[in-house]
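Contents: one structure, followed by commentary.
Should a chain be cited, it is by its letter among A, B, C, D and E, assigned in written order, with residues numbered from 1 in that chain.
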Amino acid sequence: MVKKATIFMKFVNGQVSRGYCVNRITLTNREVIAKRNALFSEEQERQAALVRRVEKIRVKYTGIPKECTMVMNKSISTPADCLRHLPERMLQLSVLAYVNGEPWDMSKPLEEDCELNFAHFKDFDPRKLLTVNKAFWRSCSYLLGFAIERSFKEDHRVLLHSWPAPQIKSGSFVYDAVLPLENWEPNDRELRALGNPVRKLQPEKASFERLEVEPALAKEIFEDNPYKHSVVDSFAESTENKKVILYRCKDHVDISRGPMIGNTGFIRDFGVASVHAFETGIGLVYRFQGIAYPSAFTMSPFALGVLRDRAKIMNTTGLPNELNRAPGDSKSESTTEAEVPDTDDENEQTTQAHKAAQ
Amino acid sequence: MSFFTSQMRSAFSTSSCLLHIQTCTRLRVVDNSKIGKEAMQAGKPPKVIHVYNKKRKADLGDRVLMAIRGEKKKGVVVGAKHKVQEVLRPRFDSNNVVLIDDSGNPLGNRIYVPLPMSLRAKKDQYNKLISIATRFV
Amino acid sequence: MSGLLTRLFSSQLQISCSRLAPLAGTQCVQHLQIREKSTKPKRRKVHPFHWWAPKNRADMSEDLLTEKNQVFLQQVAERIYLAPGESPLNEEPWPIGTYQEGSRRTGIIAKKIGVVPMWLKSGKRVLASMLHVCEQNVITYMDPETYARTRFGFRGKGHGCLIVGAESRDPTRFRQEYLDLFKESGVAPKKKLTKFLVTPNAALQPGTPLFAGHFKVGNYVNIYGKTIDRGFLGAKRRWGMKGGRATHGTTKNHNRMGAMGGPRGRILKGKKMGGHDGQERRLLVGVKILRINYKHGVIYVRGPSVMGEIGAFVQIYDALIPEKRPKEDNMPPFPTYFPAETDPLPEDVFDETVHPFDAPSIEFEQEVQVKRKLKVKARAKAAGKR
Amino acid sequence: MAIPPLKIAHRIRPKSMKLRCIQEAPGRVEKLRVMLGGLIRHERIELNSHRAAETRDYAERLIQDAVLYGPHHKRSMEMASFWLKEKELVHKLFKVIAPRLENETRGFTKIWVLADPEKTSYEPGGLPGVHYKNDWVALEIKNNPLPPIRPNPTPHRSLYIPNLLLAAAAASIA
Amino acid sequence: MASWSLTQRGLSRGLRLSASMHASYGRRMTSSLPEHLRKALAYSAMYPDLLPEPDLTRRNYVREMLERQDMLSRRRAIDIPEFYVGSYMSITVSDQNAPGKKNTFVGICIYRRNHGLRHQMALRNIVENEGIEMLYDLYSPIILEIKVLRLQKRLDDDLRYLRDALPEYSTVPWDMEPEPHREQGSVPVDETRVIMKPRPWTQRWERKELKGVKEWGLEDRFFKRAVEVSKPWEKYDLMKEYRCMVPLEDQYVVWKEVEEHRKTIEEEHKRSRRRKLLDA
């Protein structure tokens, strides 16, 4: 515990009051954010230090403008690093990497010789297109959590709950959170202010960092958030190597199965459309709904108005039991995604595309 | 004057290109006044030396001063080959004039060509002239 | 717009969104600015004023909407905006003002569509300009106090201001700032917006449609618009200067303006030279309406000199000079014409001086009758003198 | 002579060709004949945009007459044999091109703005970017056997996020 | 009527249908033009005034429609018969200055110009050895009567060269009686070819490619020069031709209205004209 405290003190130098005590049960929002961030950094450094000897791998790039082979560093180089050896236009376009035909985060290090490709929002391959769309929607949900945590004053302790699997057709991306407020109805200005942290992030092009950690560390990171804390074990069981996948963007850390888009520069007109409160077993939960679209497209304000108005309606994605959901059953994004039946048109089109390809 | 023979006429143009009636335009006398007849027969048609209006371009019914056989005579334009054709304004194949004296009475007593109907609006000025005309168009 | 859209969706899905009611009132601080006016007269203003709401979207190339979705957006627009001629919002209709001495009505927006000849009953041929009244609505009304506080409000002299918009356009073409201008009236965003000064008793509710019935045949109107843009012209074409000789050894001097010098070796200010010609705002004062086709909304005004090309927008409003103001015997509807099914307007109305095309040919009376008329006139004159 | 309207946006007034030869009018006709002959022969030519626009109008009129009246119409034949200097091209116009474009409703020719080859290689079938030569376009007759200049740049439009969202909104209203 | 119903469909659906219609006609009927095309050709010669101005920058469909309505309502009020350049005509107008307030002029129609309500026509005659021309607005309400004395065409569409031809070619007897002509069928063409006066002329007629001139009375150098300055490619200029015509689809809108007008009003006018002739 002492070690934790030192790290923490180092990181928030001068910003926290002197009377700070590690054993305090409740921390403020900012303190929690800083703590998670520090732990994440520490783990990242630790994992980086594990790679003692630099080994080379051959990465075969199979996309446009022409095929090539790059010699990269094993467990260090990421697809984002490979992109730097390609024309700048590819860097501007590419949203998601594909390694050996599988979606791969831009920030995930390459482990062995592989075939590399990239996907973008207007891809010719409909399968890739759907994956990219989902990654976009997922990243937006993630950033909604980022915005919620940063928008409230210090005396309002925010507990992020979870977000359902990305459902673009539901009209909005969602994040559920528990707030120490009763019957809070934000007005238009407050809604606009909620989206501000992400809108400021857009020109920064902050990248998403991926890290696989042991469940114990994940529990330590989320020890202040009972909902996240409780999900860690089930999440770790569902993954292959029994680890928990964490993502960090700026200083926000969250659990997700991924993949995420390369950076926040691909998001345009991020906005929070509405906030709905609903009663559950754990009390009042607020559902934040937002809307955004990729920066690869332009959109008329009128069309965006139509979509925003639709996003104001309560999004019922991931609420199967008539809004009654206990925190223990809460289906975090990772589990819910697997359970959503593949009936929507996107998947139909994918299967058709599969058949056509064969 | 052998100068105006038919062979020579194709060699140079006299006044046919002058479509406005203005100073130096040669006109055709269409009444039977003695001086007019003589001038036309001699091949020396009268030449406008002044137009009695502000525009200095004569239209149908305007008075002009002409040099004819060494004399100054007044006349009324009774036909013109306008370059710009206007509705209900007759376009004649030649620029016709009737010689008059200072009081507006014609010098001759016969007019050989039809006169424009718009001349009848100036009855108080050219009563005599209108009465000797045989035909209006 | 968003409020209307919310209504649309909520009515379908029956989920109340009443918690997201818009703000009670917008608070904005009016900054009063005092600026020194430049002494240099500005001949022409090419760009729109910087305080106007930006209109067209800059880049639409990456919309990449499917045809289905484009149709869907059109359908939404048709449903949420008022149809042409539909009554405005469900708020209380404003009281209709009554005419008093010195009242000033709104004008209407029209398009010049051509010049045709017409014949008067005397047989005289006159030219008439045809002005096609566009589909248009009142967008906003500013009362005199508010209007006086705007940039050019001092010109209003106690008048209020009506903003009228003509020709509905696809809302996906415009920016949000421009779309916001049409929130109050609920009409579809318009291509053309203009401002008319009115007295408060002639104020109209936003959303009110305007028609050709706003005027009557025989009224005199002012017409305001922009002249044809001819671009950069030489002195010969712009001012009708003579130019140089065509032949006799002339080189490069055929189209030049000749001497321009003035006293003491300088050129006088305002010397006519080559330059940009046209595209200037001009006012045509007191032209008579000879005929109105109410069915197709076409006004025929006397004279071929209405400014602009065919298809150019012009503004028509009542003449202001005392002799040509609307008179009591031929008073146009005040504050404007409201269509009533019980009393429809006739299709086509001619002025009494104009010969209608379906009437038999003109035959003049014999001279005897003319003489009698002259006598009557002379008598009337004599009576007047006494 | 009654002429059906052209199905393309044609030039309202002719513009100068800016030829090097001194005689503008006959030189213009001569140049147009060369370009029309090339177009009918190769079915796709590259030239500057201004000349392409001029040539396109004439090509449209020629093909329209050929489709409408056929080879037995005296005037159409006269026109074709004036504008196409080689006899075999006249034959090709009436026997090959006209039957092929019989049911074409939106013009018989097409102008493509040629794209930057580098940029297009990043986005297969992407947008026209900087032209690889200033003001350089391709003029082609429709339905030609040549490979297409640019494949459909957006084949899966309905899967783009704005379209998915709008389609869902439309479905929720209906 | 079958062809006209086709035309109407073409009108309602715009360009698309008509294009396929032309395509099918093009294949089947190569030797003779389809009936609706022939009708359009005949009407555009018969009623050149009813066609709008072909300049695309000045066209407006509302204006053209209203203008056409006015023209047809004027044609209802007064009998404006079919006539061509070259026909012998007599026109009576109201005139304040004329005795009896009516003025009649008889002559040969030498040209028609302008479109719509601005349409004008010029008559020429030789009266007392003086050539006189009168210009009329066709739709002016002061025109009381238009009579066609002899319905015919000449070899050229513009007879202004009669000003420089010998006077006998433009002389029309003042007291000419209207000649009866067949109501149906083609219009006779007067193939008179004129002899020109010696120069000077009002224009250089030898450069105009006139068909109706027999004797020019010119030296060879004039014709040589005419060949030098001629522009033989202009008749092949497809776009020039296209720019000075109203496209076929726009013409159908006009001819559809004209067809109805002919059925109702002109038949009545024709009957009354025939009755008058019989009475005389």
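Everything that follows uses one rule, which is that contacts are C-beta pairs under 8 Å (C-beta built on N, C-alpha and C of every residue); 3 or more make two chains touch, one makes a residue touch a chain.
Just so you know, these numbers come straight off a predicted model, no measurement behind them.
Chemist: Expressed in steps between touching chains, what is the minimal separation of subunit D and subunit E?
Modeler: 1
Chemist: Treating subunit D as absent and keeping all other coordinates fixed, how do the remaining chains group by touch?
Modeler: one piece
Chemist: Minimal path length between subunit B and subunit C through chains that touch?
Modeler: The fewest steps needed to get from subunit B to subunit C is 2.
Chemist: Mind having a look at which chain is the central one, using mean CA positions?
Modeler: Answer by centroid distance: C.
Chemist: Measuring centre to centre, with centres taken as mean CA positions, what chain is farthest from subunit A?
Modeler: B
Chemist: Please tell me the distance, in whole Å, between the geometric centres of subunit B and subunit D computed from their C-alpha atoms.
Modeler: So the centroids are 63 Å from each other.
Chemist: Using the average of all C-alpha atoms in each chain as its centre, how far is it in Å between subunit A and subunit E?
Modeler: Centres of subunit A and subunit E (C-alpha means) sit 79 Å apart.
Chemist: So what's the Cα centroid distance for subunit C and subunit D, whole Å?
Modeler: The separation of the two C-alpha centroids amounts to 41 Å.
Chemist: Two or more other chains in contact with one residue: find those residues in subunit B.
Modeler: Each of 87 in subunit B touches at least two other chains.
Chemist: On subunit C, where are the residues touching two or more other chains?
Modeler: 8-9, 13, 61, 63-65, 73, 76, 125 - these are the residues of subunit C that touch more than one other chain.
Chemist: Note the residues in subunit D that touch 2 or more other chains, in rising order.
Modeler: 154, 158, 160, 162, 166-167, 169, 172
Chemist: Once the touch criterion is applied, which pairs of chains come out as touching?
Modeler: Result of the pairwise touch check is A-C, A-D, B-E, C-D, C-E, D-E.
Chemist: What does subunit D use to touch subunit A in their complex?
Modeler: Within the complex, subunit D touches subunit A at residues 118-119, 121-125, 153-156, 158-162, 164-169, 171-172.
Chemist: Would you tell me which residues of subunit A are touching subunit C in their complex?
Modeler: 122, 185, 187-189, 191, 274, 296-303, 305-306, 308-310, 312-314
Chemist: Quick check on the complex: what are the subunit C residues that touch subunit E?
Modeler: Residues 113-114, 116-117, 119, 123, 125, 130, 132, 293, 296, 298, 309-311, 355, 357-366.
Chemist: Please give the residue numbers of subunit A that touch subunit D in the complex, ascending.
Modeler: 64-66, 87, 89-90, 93, 121-124, 126, 129-130, 133, 136-137, 168-171, 291, 293-294, 297, 299, 303, 306-307, 310, 346, 349
Chemist: In the complex formed with subunit A, which residues of subunit C make contact?
Modeler: Contact set of subunit C toward subunit A: 1-2, 5-6, 8-10, 13, 15, 17, 19-20, 22-23, 57, 59-65, 73, 76-77, 171-176, 179.
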